[in-house]
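Letters A, B, C and D mark the chains as written, and numbering starts fresh at 1 in each.
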């Protein structure tokens, strides 16, 4: 089994800015949380991590969604886990719903993975589990639940 | 949807002994990791946490397995996640395989949930995800993968 | 022995904004890190935690420094640990240097206390140690070193 | 300024045993916590980390104390921070009190550094601070307080 993990940005990958380059209150989007979490899990399966975007989901434009669609659509692998900001996760899921030959799970987090109290590990675990067990289609895994993308309700 | 989370012990719930009661090198098995992890996730679903045992899995005897079987069998709820030490997780899974009207996921961890680098959150997330998506039966979710209990290979 | 811990803001107390009130990239300054760190340490000494400001140090104005000065000056206790953003920590230290009957240690952090890899615990520990051992005066404890406020060099 | 950090063992360095070599309830004493903590702090000062022993302090024998004494006594550097199990920390401190040309701070932790809620970072920070500010002599820094070794009271 092989899983493709895709970063688009969102809270899950937010980190504190480097002192040298930037001061003040702003987060930046950093290395995919997948890298840190999978190191702890040492999974048995084969996988790859791809970064398509590093954006807060409110900044994801139509052309960004086109790009996500195009990269995912062209993948040979059919088990895809995508991290995404929660605000517009359903919009991107809708776009991806035209892809019919893959199981695609979108997830994210309420707190960045870098925070001690983050839900990131749980959510990536949930997405990694259900991508193995669900039929082809597009799903959102958040707040402890997994549902078809069109049933999702943003909290 | 409702999920029943069951503690039997194992690495995932090991904690450092209280100074007052005990010195030296030994771990004790403490409060279920479920409690700490679900607080971070703030799940939408209804759930209950039950502690049946607090044992390292090498210390789980036939009578303990009888007890686990009996408690799980008598539950009205049909979505069950069980934490268990990994060494004998498959033995307990086999025992539970006679229960046919529930989806039962057994999981655990390589490092206690109290450790910064634990795989506990990921594993509980994985189990929580697949208990919602799999058919009735008994499964083991570990090392990033989910399989029918009889296919599991201990690392 | 009694120590007075004072919050003025800065990186050490930055937290992720609540979903309900705020979206996007901005941190907010939250509850003093002292509260979380001292809970882990269970110190023997008596202490109090006072919040004077919740500001990034680049936003601390002359009137804010007046306020910090005035609160610290009026304290009966003579062992004071202050958390402060690093960018203008020396300016505030200079202002406080007119207070001659107290030992005042200013510290902060490169990463918020909420982050797993934060230096906050170490820095608060360092400040708590030296406030007990140094003569009256104003000192900065950062980057592993403690020095008189006028010797400090911002990294 | 240069600090010599010395590992003798104790709770602070306890880790979960590797699956391959050992099962069950027992901790092992692993790599010095100094290494992980100083990486977060990126200190300005020069330092070295030396491992003399990896023992629970109840297992430290007279010959072990001789060895600690002998290594510390022969160091050229005069700023020494030692981690030690708390149960017999005062015994080792007494032994070291015959060394009169160095500032020696003994510290430890109630929970291993690997635990999310550990007091290790705070304690190492405290010891690192006061080793810079105290006169020659042997001190114990624990439970938030620093005192001459003969004044220490074990909790």
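What we mean here is this: a contact is a pair of C-beta atoms (placed from the backbone, for glycine too) under 8 Å apart; a residue touches a chain by one contact, two chains touch by 3 or more.
Everything quoted here is computed from the prediction, not taken from an experiment.
Asker: Tell me, which chains sit next to both chain C and chain D?
Answerer: Where chain C and chain D might share a partner, there is none at all.
Asker: Counting hops between chains that touch, how far apart are chain A and chain D?
Answerer: Graph distance in the chain contact network comes out at 2.
Asker: Could you work out the angle of the rotation that brings the CA atoms of chain A onto the matching CA atoms of chain C, rounded to the nearest 5 degrees?
Answerer: The superposition gives an angle of 180 degrees.
Asker: What is the chain whose Cα centre is as far as it gets from that of chain C?
Answerer: B
Asker: Given that chain A and chain B are copies of one sequence and touch, is their interface built from the same residue numbers on both sides (over half shared) or different ones?
Answerer: Same, since most residue numbers here occur in both copies.
Asker: Between chain B and chain D, what is the gap in Å from one C-alpha centre to the other?
Answerer: Their C-alpha centroids are separated by 36 Å.
Asker: Based only on mean CA positions, could you tell me how far chain A sits from chain B in angstrom?
Answerer: Result: the chain centres lie 26 Å from each other.
Asker: Calculate how many whole Å lie between the centre of chain B and the centre of chain C, each centre taken as the average of the chain's C-alpha atoms.
Answerer: 42
Asker: Which positions in chain C touch two or more other chains at once?
Answerer: 110-111, 116-117, 155 - these are the residues of chain C that touch more than one other chain.
Asker: Looking at the whole structure, which two-chain pairs count as touching?
Answerer: Contacting pairs: A-B, A-C, B-D, C-D.
Asker: Can you name the residues of chain B that touch chain A in the complex?
Answerer: For this pair, the touching residues of chain B are 1, 37-38, 40-45, 110-111, 117-119, 121-130, 132-134, 141, 143-146, 155.
Asker: Which residues, counting only chain A, touch chain C once they are in their complex?
Answerer: Residue positions touching the partner: 11, 14, 16, 19, 23-27, 56, 58, 87, 110-112, 114-117, 155.
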